[in-house]
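Same chain, two partners: chain A is paired with chain B first, then with chain C.
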Partner chain A sequence: MKSFEYGDREVGTYEVFASVANMVIGFGVLTLPRSIVETTSSVDGWISIFIGGLGAMLFTWIVAKLVARFPKRNLHDIAGAVIGKPLAYLFTVLFAGYMMTFVAYETRGVASISRLYLFDRTPVEVICLVFLLVLIYAVAGPSVTLFRLNTLFLPIVILLLFVLFLMNISFFEFDQLMPFFVTDWQDLVLASKESVFSFIGFEILLFYNTIINQPKKIAKASMLGMLIPLVVYLLVFFFTIGVFGPEVTGNVLYPTAELAKQVEVPGGFFERFESIFFSVWVLTLFNTAAMAFDVSLLALESVFKKAKRTTLAFWLAPFVFLIVMQPQNLIEIELFGEWISYAGIGLGMVFPAILLLLAIMRGVKGRA
Partner chain B sequence: MPRFLFRNHNKRSPLRKDGVKQGEASSSSGDIPGSVHEAVANIVRILDAPDDLVTRFVSGGDGIPSCAIVCIAGLSDLNMINEQIVSSLQQAFSAIGHTEKMSGQELYGLLNKQFLSVQKYKTTRSLDDILVSVLSGDAALFIDGLDQVLLIGSKKWTGRSVEEPQTEALVRGPREGFNESIETNLILLRRAIRDPKLRFDTYRVGARGKKELVIAYIENIVHPDLLQEVKRRVETIDIDDAPESGTIEQLIQDSFLSPFPLILHTERPDKVASAILQGKVVILLDGTPFALIMPTTFVSLVQSPEDYYERWLIGSLIRILRYIAVFISLTFPSLYIALVSFHQGMIPSKLAFSIAAAREGVPFPAVVEAFLMELTLELLREAGVRLPKPIGQTIGIVGGLVIGEAAVQAGIVSPIMVIVVAVTAVSSFAIPSYSAGIAFRILRFITMITASMFGLYGIILTLIMICIHLSRLQSFGVPYLTPLSPGFSRDWRDMVIRAPYTMLTKRPQFMQTKDDSRMGNRRRGP
Partner chain C sequence: MRRACRGWLIVLSLAVFTTGCWDRVEIEERGFVVGAGIDLSHEEEAEKGQFTLTFQFVIPAGLQSKDGGGKNGSTNAAFFNLSSSASTMFAAARNMSYMTSRSPYLQHLRIILISQDLAASGELATTLDLFLRDHEMRRATKIMVTEGEARNLLDMHPKNEKLPVMYFESASLNPTKSSRIYPPTNIGDVQAYILSKSSFVLPKMRKRNEEVVVSGAALFDGSQKLKGFLNDDETSGLNILRGTAQDGVLEFRLNGHFMAYEIKGLRRTIQADVSNPERIRFNLQLDMEGNIGETQEPIELLDPGQLAEIEERIAKQLIQLTSRTLQKVQQEYGVDVLGLKEFLARNHHGVWESIKDDWEQGDQLFTRSEISVDVRTKVRIVGSTLETN
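For the complex of A and B:
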């Protein structure tokens, strides 16, 4: 089967690759170096990121194997076939709720960085509301739009990161990276839990399976997609430590953003590179949020079969908005993110793993 | 199996059988009375005996069926009718003499075999066909006792000659442009592509206008589903008249809500020919020089035939320049608004000082200033288009220079704003497709509004919305953003850059053509 046929509305492997990468890269990378440095010393945190990334890739593989076993079926159908209808309903609704909070978290992230780096007077509520409205516009159409959007935005985001790194090379001090391997292995493992948080997002495959046209290639495409965030995170980590040193990194709010602040555009064409950085970073945050919103809608659609998509989106939006407004300060936002991450590990990693195990043990398979 | 999820908004209107194909005689018999005099009288009665209706009877002797010719004076070539039809009839009658009796059918056979020396004709039994043909300049030949009518091609009227296309001038490239006559346009196409598989499918659109519409394609290149879809949509057209191909475009395009053109129009035969060779389908309409190319992608809005005529490096660089022009035309005024009203810190200090100094006396916020200037410019442009050429230039000078200068002097706008507006205007002229330029103009104003409310954040959200819209659009089943997304890496060679010809060995992959090689098959049978 070809990856594209005239007039179709399905997604091929490249779209899957780009979407997984874009979904995973989100708000987490901005704070990642800080949360890693909090428990590890010197530059050793990269081992944690590496372990976390490998772990995430393992689970990506599991999710991909699970969905490849049931071509053109979503989580609701798969769970229904493996563990029965009632539990399937429960988990689908839970998944929808989890994805909704994910949307809220990303939205809040956009608002807080905009407040910090773009404008300081516009209220958070308005920033979030505008973002949500654009999100609704995005999810009102077919899901394949979002995949195509990802293929458009991913190169821009990666290019931006490389510009960021390139311009920081002059600030990079190799001495900051010394000494190597001084952290206790328990701390490393503890920190790798933090990094796993930044790697969730690949579970979207559980629902997008219905429009992916080459089920056999999902595993490869999504693993490659996970490789992008892994490399990006490692580079970001090395650069923040190399530029700021572990002590400073541990004490700034968004270390990755501070990297952007360092940059001086050659020729003085414009100043404050961080504003540009954030404007473009909104692209990936938007994609993450839009896909999460879309998956949330897909989950609800599979439960409430008669509901119309746009109606659901409009009904969900106020709830998302309320969730967005719950955290009162940055600490609460972080805590909020942590809870979402636990939910992600539960629903996006453990649950599919159990499903796959049960499916293999009981020999359940989906028809092509 | 291809899966179709077309937006079939056309399904509402019932399919009309109006589009009777040429050469296919309609089977409804009984429209033509046996007697020539009755038949002609019938036509005269239906048309209410206009002055320009010419009827001419030619009769042989007794027992030989008489004939009649009906045509419209201004539309038909009367000389040709006299020299070829009437004289050949007379020759036939004199050859037959008084010797025998003859039926209409026999006379027709004789004429057909020996005497009638016209270039093209067809037969019909349908009164509608006769009327349409006569009213489009053909001559109808009635033969007594024959239940068919010969429609003889005798169209001739004074039209524009083939001139250089006004709206799409090129520095290098053929100077021929389409004109209003569909015959000429088809000839221009035939001259460009001498492929035996080049097909012209003729339809008639408009219940009253009855204009000739031709769907042109190459049979062994085009994707059959695309062709079928185009035909299906053309067949659903149900309107009294289609004055211009723009009407057709709006009736068959995928989304009527989008500001972007989903069907490209051109008056350049070379552009049409290259589109057909890419596996696209082209619609030509009688009475307009503008041909429609479908499907259209976003990328093709920024392409110009010249990219292919110049060497690849020049073509590529000019194309990159156009993409920059698109970006500037879309965002430059809004970036100015955002920077001046929200992110002053992003402007380099020295420039910030000079902008601040220039804006010292300006009483309005940046948005109002920008809107004032943009609006003035749009007015000037619109006025310039309407006026005759020499005056149009005056308007440009008076408007552009005098108003701009005076507005700055009067302290209504800052000089920087004039620069911004001027650069934006110049960039928007650099976009080859006029209708795409309009789309970016509309979106520019939206971006300006959002920029005035949310600064850079507003601009980026607007750009995201535009991207969402673009990735949702389809043109005849082909996603609008192909080959960018869904990605076709092979087609990227002819997207932002125009790779050397030796690398463009295949037709666009996203067109899913039957025959995909452009090079390396010199010997190809029909």
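For the complex of A and C:
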């Protein structure tokens, strides 16, 4: 038995559950209702979200099975055992790069939203810089700390979302949800692609496997963790449609943020509910970005064995900052997000699936 | 020495990084805007732009004084208005920064008044863009149409409230007491109507002597152009047809004497026969319940036969009230503000997809559809006394 809980540098199932949930909920939740409504009509988009969620959960299961086969090994070791060293190097570096751009994307997301709703005159560069500095601080320590932070933040985030829904109940019109099932199945499938984008993030398991202490339970914990974003996305979607109707949802830039702005409570303080909403929402974005940064460092560490963690972090930061500043406007940011999502599908879904298939076929297994 | 250096470095960086905020605006420097009015410009202003925007600013000190700004207006008024003309609302709002020491701050905007002339010019959607786009704006801001100029109404000095805007707002929330007031419509709803090109209704306000009356309704068609107004009774009829009249009073005559029926609940169910899309037949079933509020007729209220007669009278009165509204919205203006369109889209989606372009425009199937109204009324409570005369 352990001498005292949390004294070891390992994480249990609850931490895995909370981290997967927090990692997946990110920038996407703000725009998801709009991007879904653009291709589907009425409220049918929920089917797309559902399909997307189920698909993502399938791949989560694949990733979990893969890492459970090689306990305490990260992607670099697994790939090395299955497809050989040179390819393993290549894919690990690619993965690190993907995670770095992911950090950049989330950072830019925080900055543009804060610029739009909170700080009118603060330059985006400054917001990004401050956010990045805090990220470096977060990843300077061991990864376990980030997991602990997730277990702390997740209940706050969920609570806040429920308060948001509760406060919007009076604006909710059930009539807006009608009619059901009027969208073409082709459009539904097309829209589910959008929703898969919002479910990316579970691939962090590929590297955090080294500190997870119960490999057998990863699959269950991470699938439950995926269930949280699925439920949250469905609720957010139903509420935005029920409150705004499909036409307005399709024409509002950040429907979920508008939902927060809509809240009206007599008494004045809660009328500015959006400021609370944004503060808490930045928490999840911070977690997402910090974990992505951390994974990217872990990936590089496994390639460059001698490098020191903090040195790597400081060396990477300027590059991330440069990537952050590349998109010039909203359209480019969205395009940037789309590329990253494709990269995520390739590296976080297809690649592990192939690895698992090969591992099973060749009978390669890792030892604990 | 090194330690001292490091200490100084920390102190310096703290001083640099933790002080102040880029976007700080002191609360005393903000001019809180609670209401806005949008008019078409007069001739002399027209060279600056076609729209005139009026903001109502709050004077916080005036809110605290005991006797308020109501009576003489000049001494401790709680508000002041500024108007500015421009071609865009944004420029007009910015222009106001030149006229006041406190720059306009719109997070607390409660109400937007649209003048009748502006509404008739069909520029409603153009002028509302800023109020939907700017991040300071809230989607719950209410919108009303004014008879005459909006800025004149903002200049009122209501007797029981310190701010005209607060007065309008509480008056507009009175549909709970009267079916003659159209329920408040906010800017978010209006955006939905504009985007779906639906016709819609906004509550109307007008100035009568020195008072402001919130009653009646303004009808807009799918291109956001003002089509016409409904008077008090017709608005009441519209509220009943839409099923939104949950409260209100209905006067009717029985044996030559007046009685008042207090509406306490209303449920509307629609049925549609779409077998012939060229001529859809709707049946609106209204189930209303309420109390006897007043009777000037000596009548045995515990007699089931008498009650049935009263209920029948009320039903007749309702049919009369609603048929006038129906005639006006369907035949005269041809705007479907009854929610029939939404009903078709939700319950007969296939048919709706094929006829939606010919509903109000084109073949005007709405005007040609057949709408019948059935009323069932119930008297629940007759009051605490049986006979008084």
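Keep in mind that, in the parts below, the second predicted complex is superposed on the first by the 359 of 368 C-alpha atoms of A that agree within 3 Å, B and C clash if a C-alpha of one lies under 4 Å from a C-alpha of the other, contacts with A are read in each partner's own complex, and residues count from 1 in each chain.
We take it that a residue touches a chain if its C-beta (ideal position, glycine included) is under 8 Å from a C-beta of that chain, and two chains touch if they have at least 3 such contacts.
Here the structure is a predicted model, which is why all the values come from computation and not from measurement.
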Contacts of A:V282 with chain B and chain C, given as first, second, both or neither: first
Greater chain A contact set [chain C / chain B]: B
First, second, both or neither for A:F131, with chain B first and chain C second: first
First (chain B), second (chain C), both or neither touched by A:R148: first
Touched partner set for A:F119, first chain B, second chain C, both or neither: both
First (chain B), second (chain C), both or neither touched by A:E15: first
First, second, both or neither for A:E173, with chain B first and chain C second: neither
Overlapping contact positions on chain A, where the chain C interface meets the chain B interface: 118-119, 122, 272
Contact set on chain A toward chain B in their complex: 3-12, 14-15, 114, 118-119, 122, 127, 130-131, 134, 137-138, 141-142, 145, 148-149, 151-153, 268-272, 275-276, 278-280, 282-283, 286
Of chain B, residues touching chain A in the complex: 2-6, 223, 225-226, 229, 342-343, 345-349, 454-461, 464-465, 467-468, 471-472, 477-479, 481, 484-488, 510, 512
Residues on chain C engaged by chain A in the complex (per definition of touch): 21-23, 107, 135, 138-140, 188, 191-192, 195-196, 342, 345-347, 349
Complex interface listing, chain A residues touching chain C: 116-122, 126, 175, 178-179, 182, 244-245, 247-248, 251, 258, 261-262, 264, 272
